[in-house]
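Here you go, one structure.
As written, the chains take the letters A, B, C and D, and residue 1 is the first residue of each chain.
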Amino acid sequence: MTGATGREQPGGDGRVGSPYGPGPLVEVRGLTARAGTATLLDGVDLTVTPGTATALVGPSGSGKTTAALALLGEAAPGVRLAGSVRVGGVAVVDDDGPAAGAADVRGRLLAYMPQHPAHALNPARRIGAVLTELARLHRPFGTGGRSAAEAYAAGALHTAGLTPDPGGKGKGMDGGGEQGGGVSAAEGRALRRRFPHQFSGGQRQRVALAQALACGPRVLVLDEPSTGLDTVARARLAGQLNRLVADGFGVLLLSHDHDLVRAVAPRTVLLDRGRVAATGATADVLPPPRPAPQRPYADRPLPPPAAGDTAVPALVAHGLTAWLRTGRRGAVLHDVSVTVPEGGCVAVVGPSGSGKTVLARCLAGLHERHGGRLVLRGEPLPVLRRRTARQIRGVQYVWQEVRGSFDERRTVLEQVARTAVRLRGLPAPEAAERARRIAERLGLTPAQLTRYAAELSGGELQRAALVRALLAEPDVLVCDEITTALDATATALVTAEIARLRERGTAVLWIGHDLALVEELADTVVILDAGSVVEAGNCRTVLASPRSGTARLLLRSRRLGAEVPAVPPEAESPEAVPPETAPPEVRPPSETDSPVHREDRPQP
Amino acid sequence: MLRYTLRRCAWTVVQLAVLAVVVFALTNLLPGDAATVDFNEQAGLEQVAELRAQMGLDRPWGERLLDWAYGVAHGDLGTSLVGGGPVSGVLAASIGVTATLAAVTLLLLVPLATAVGLLTGLRAGGRTDRAVSAVTLTLTSVPDFVLALLLVAFFSLRLGWLPSTWVGVDGAWWERPELFVLPVAVLLARTVCTLSRQVRAGTIAALHSGWAVQARRLGVPRGRLVLRHVLPNAAVPGVQELARTGDQLLGGVLVVEAVFAIPGTATALVEAVQNRDVPTVQGLALALAAVACLLNLGADLVTRRLAPRTEVLR
Amino acid sequence: MKAARVANGARVVNGVRALVERVRRVARVRRDGPVRGVPRGSRARRGRALGGGLLLVPPVAAALLGPFLAPDPVPSDGAPYAPDEGPLGTDALGRDVLALVLRGGASALGVACAAVALAVVLGGALGLAAAASRSRRVDDLLIRPVELLLPLPSLLVISLVGVGWRGHPVAVALAVAALNVPAVARLLRAAALDAASGPVAEAMRLQGESRARVLFGHVGRAVLPVAAADAGTRVGTAVFTVAAANFLGLGLDPTSPDWGVVIAASREALFVQPWAVCAPTLLLVMFTVGANLLADGLLGGGAVGGARTGSGARTGDGRTGGGRGDGKATA
Amino acid sequence: ESAGSSGGTGSGGPRRGGSLRAAFPGAGVKETMDPHAQRQFVDIARHKAVFDKLVDLDATLRPVPRLARSWTSDRTARVWRFELREAAFHDGHVLDADDVLYSLSRILSPDAADHLAKHSLSHIDLRESRAVGARGVEIALDRPDAELPTLLAMTGTAVVRKGWDDPEHPVGTGPFRFVSFTAGRSFTARRFDDHWAGAPHVDEVRVLSADTEARAAAVRGGEVHYAHELTPTFARTVAHDSRVRVVATKRSGVQGFALKTDRPPFDDPRAALAVKLLVDRERLVEVVCAGRAEVGNDLYGKGYAYYPSGLEQRERDVAEARRLLRRTGLFNKKVSFHTSTAADGFAQAAHLFTEQAGEAGLRVDVTNGPPESYFTDVLTRGTVTNHRCGAMPIPTYLSERLLTDAPQNATAWHDRDFDASYADARAVVDTGDRTARYRKVQTTLRDRGGLVLWAHPEWLNAVARTLHGVREAPPNTVDWARFDTVWLD
């Protein structure tokens, strides 16, 4: 399969010398965006040139997504655009707003990967069909027709880093036998025959990326492409982006992940409250990489109950096994045990698709097809629909794909405040007041809260979701990758809030890929792979001297930046892991083949 | 999928069994019986009693039902109380026309309703939408027999283009497509609206979803977006409605059969009800119910494919 | 303004609040300005609602006020089917068609609306509950018994009711409702499955919202357009079920002033005394078309605040006008 | 191929050839080709094409010879002798006395519950009946009956071939030879050239079943040439139609109300009289029959043999009716009216009756019953019911509807004296005497009975302009549904 894709690898057809010449493909001049009286963007200038990567960074809510959408001639409801955006010489936005040429540019010259890909995948269509369709749409495949397009689509999936995983099939990765020589064609096809709901959050992210790639555009606009990716996958992504740039793609990268920006983009535009605060070489614009993570919490003394094993367990999961289908078919979690002590913080880490979300949903009672025991403060905890109000309040969950969890018909505040009304019996005005207070601590203004979800930025919404859970004053808070859309400042606000909670005795189960943050927050870490716990223990110990292969791999790819351009292929390959030091024999899924480094490279 | 299909099939059998009992009970609840009806206006009560005994209607109903069920289990739908012929004969003689009529209507209905639904859904609120919606709605709101009378008055009596009824058409109806034009037109008028409005609603909802917008961002042209991306999602309520349309069609077919004097199953069923011909009612109802069940089964399977996410839940 | 809005909203019942909110938002979007598509969409929607409302006036007024204006029973004092006696002529019994039309609306619309309302309430509750139930057993328990009725040919039921209960309005209403319940339940279950299993519903449950509220507040609202589109056409069908039963000679009282009955009973005089057929038909057409347009206008295509992923795609009436770009390109 | 003018009925005389299509109200699977089990007009029309009776009825419901050339009875009217015509069956066999006797025995067969004439012919003594020579039949009766020829003209009395018992393959002496038949749909028969009355004009006749709407459309659309039984409204619709004309037969039956005389309040003849006085006959005729009827005088069979002439027309007298109602304690009381849609105009008549009774102070409670079994139901149900009857000889009407043991006694008229005087009258051989006795019987009924007969409606058939020779004739008479004497342009 990989061989077949060689010539048709996205970006591999060497279109560098295209009629657009070497000049900038995307030119943004004086772009402004207004919603009512608010100014979301104010005179933004930006250029994207083929063969280079440009980063657009800035705090959450600074207008990155708005700017990126403007490149496509789009704006959120009620948002008016003005200024000039030209793509490939075609005016996409002029002073009257979006221009007629926009439709012509989309997909062909410019492909956009949205910030919340879960929403962007058609639930009724197999991913492969859509990819093939996109590939055929924008590229003449001549006689090879359908099969060539299919191969191209498969290539796009590879490039996006999505490889078959055992999640939906109920077999572990542990055996590893069949993965040794790469993915079989049948497995690739099976992967492409899956529906979007059959993927984990991080995998969906990559499907969305693959869709953008399948169009074979000249410029890729990627909105937070690394959310939901484990460190290994993120490293691969960085490598892949670099390669795409080398192949002549233009890349506009919207990200909070400074390490990724440093690794990929030589030029950066910094946005702040809708204005361009700085433009220039990445090293100049971004603050220097932190030598060691700031530890606003770890520097403080730990509250006594959080002291590891001696603490009272707030929530215990015992031998949790979870299935996807009825009749105990399609297992995704195998005999997982987790204990979250009162006031403690347990981090769950693992490659994308390893079952973290399923675990979290089991704890929240949302995933009903599970076996094993859940115990909350000494009492057995049933599934959500059998929980008492007290028990519901006891365990709160913050969604990974937060956009979907908000109702489009009510304002954010209305929805958020209901937690306090229902679970704590507060009158509505007071609940709203409390919600506003917590939101304020997380950096959200009351005005933002009274908007609809569609009118908030990704990061803002993520924090609103946290507010929703916090209003319950839960005993256990389950956070599923809740800082992926946040900049450093906002992250600090969130971690501070978590710390405050823990002081009050709330236990936290933290799911995240950002190991620095995990190290900073958690006492204990549990490493999941393919639905099983491969390692668990004190956070610092595990991160300092990992015993499992999975942990080691994750840690090795941890640092990503100018000084570590990409993960050397050898380091990733299965043979590089000494067999005796990888007890459960787990490799991250991304490991199972390395299309990136092999035949995929376009042969000039 | 296979497990699901099997489960649904088993359920269909249960449905049909329960239905047979319900139909039997309902028909027996009707005032009068085949004997009274048969001698209406012609004979006295003694003769009626004599006939009743001859038809075996004086036996307890449980016995009659069991007899019938035994027959059905052995592939025998029973004997008509009125004509004296086998019920399967009544069915065989009438099903062809009705099935053809329904099939032709469905063949035209599905693309037409889809097209209308998409068109109005895509232009929701626009002038086209309003105009087309108003027309289809008006067509559904005019009783089908009035519509049929008007069509006949215009196309048959005034213009003389099409036959006004099937009176005198014996066999070989399939060689005369012009016979179908007006009946199918009436049936379509009745159903297009219902279905197209479901597709319209589905389309509007689907067009709003994130993935539709994303597909557009990736340069999927409008036509393709609508057909390949929006339609599969928009079709879910439509497919369910379509299954139900089968039944609606039957109701429409009845009126159409009456107006155009088409010798179909619907007429046979109503006539059997009027004759209190319980075995025939049951046989026909069972056959029609089986078709309805099949349609529903199909609709469920298609829905499952179109909304695959539900599999996780159920 | 927003704060006031919220404080205000907190006091009112949620449904009403949402509606008010909606209206305000539409207004706000309009005020906000010259974004192409937005005001046009909402205006079109309002036009639709207004048109629907206007169409509804004559039939509803006839049904509600008619009984006070026309004598009961309508005296039979004219020549049969005389087109020029009285404004709308007379019917087969020489009764004034205008008086009949005024008398017969209440039962025609009443039976149909009651039947459909009953069907939508029962079927909707069942369908939504089944969609929202997490266990398959509950789902089966709710939907299977109803499905038993599904294959029952409606024609058979109507003929049974017509023959057995002489088309008593209550019997007809119940029969029509019973026939529609399974269809509505299944339709709404199918339409609601997604919303009911989606993260919004989960989030609400995790907030301790009551089942009913999740069901009707969220899932119900999500399927509202589908339900409305469905119910609208059902009303029309329901009215004519009565007429059709009569047409088929299933023994309803052909002298009743019910619109459906008058239409069916006078149909043979379509070319002699057209008003006897056309007047009630027109009113029914107005009612069905009006009700549907009004529902469309009020419900629009969905929420105003669209999905963020759909940014730029949503306009007031839910037109997608990736819209604006495309619109310009194609215009 | 001469250009036949389609102007008048008699233009150019009969033409041979063509296929005639006639539409009748269908009865679905109930339809039969067994001439002794016939129920519906469509059956009778079909059987009439294939079979013949011994005797038929003319327009005044008097017997006219058909297969029987002539008949005589002994003085007591107990033994009848019929002279047969030389008529050939379709299979070539020539009609003889055995065929007649076989037909009678088949009609009277004890296991055939559905043979209609069984009841009225039950007094035939088959053992005593016999053939007399080649062309003569002697029929013996249990009791005297001067009306035997009329009875032999009733429905379900066709003569079949000896030994014939296969409705799938009907063989008769009729003007058309059977070709095919599908119950509820159609029937086709070809001309029988050896018919005793001469070959029919048309080559083929098709009798088709269709509902009212379809018949109306089909005859207007030219798909059929003859449509049986249409409504007055249809007649109005086609009043100016150049393709269709309406053949209206006056006095082809009766419409009325039946009051149950065996129970209060109408066991009191004064109460019944009150009702007879309060109905507004003109209005009923105007509305229910759209004016296409003659006002009835509570007597059956206006214009038929034995109709008592010279009785004064009963007029509406609300004051007198009210007085009688008061006297019988019925004023402002309720009576129940059991109606149905079994026949056109029933429910409408009930509606008008309610209005008219209200004007005289009688309240009516209308219930709408199932049409399919209505005529059987009303034998036991309701105080007032609708009544209608097609054309039949007056004595038959009396015997079938008014005798104590009559099968269709809708007024529950149980009067021994009445029964006796009717039986006496019927046994009288002398026509004049018999007529006088019938008159007395009928006047008694008119004064004391429960029948309120307010209209003799017209029978409306539609005929295409291309069809000629269709005569006005009440249903069940010899010229009705007769297709051997008509021709097509």
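Criterion: a contact is a pair of C-beta atoms (placed from the backbone, for glycine too) under 8 Å apart; a residue touches a chain by one contact, two chains touch by 3 or more.
Bear in mind the structure is a predicted one, so any value in this text is a computation, not a measurement.
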item	value
Per Cα centroids, the chain farthest from chain A	D
Result of counting contacting C-beta pairs for B-D and B-C, higher pair	B-C
Euclidean distance of C-alpha centroids - chain B vs chain C, Å	22
Separation of mean Cα positions, chain D and chain B [Å, integer]	40
Whole-Å separation of chain centres (CA-atom averages), chain A against chain D	89
Chain C and chain D: spacing of chain centres that average the CA atoms, whole Å	50
Where chain B touches two or more other chains at once, by residue number	30-31, 145, 149, 209-214, 216-217, 258, 274, 307, 309, 312, 314
Of all residues in chain C, the ones touching two or more other chains	134, 136, 163-164, 194, 267, 271, 302, 306-314, 322, 326
Shared interface positions of chain D, touching two or more other chains	213, 369-372
Touching pairs - complete list by chain label	A-B, A-C, B-C, B-D, C-D
Chain D residues within the chain B interface of the complex	21, 23, 28-30, 39, 113-114, 116, 119, 180, 182-186, 188, 206, 208, 210-211, 213-215, 217-218, 220-221, 223-224, 342, 369-377, 379-380, 406-409
Touching residues on chain A, where the partner in the complex is chain C	35-36, 65, 69, 72-80, 92, 97-104, 114, 116, 119-120, 123, 326, 364, 366, 368, 383-385, 389, 392-393, 396-397, 399, 401, 403-411, 413-415, 418-419, 422-423, 428-429, 432, 446-447, 450-456, 458, 461, 468, 472
Contacting residues of chain A [partner chain B, same complex]	72, 74, 103, 106-108, 111-112, 114, 116, 119-125, 130, 133-134, 137-138, 195, 197, 208, 211-212, 215, 324-326
Interfacial residue positions of chain B with respect to chain A in the complex	209-221, 224, 228-229, 232-233, 306-309, 311-312, 314
In the complex, chain C residues that touch chain A	2-3, 5-7, 9-11, 18, 21, 28-29, 32-36, 38, 134-136, 194, 198-200, 202-209, 218, 221, 302-315, 322, 324-326, 328-329, 331
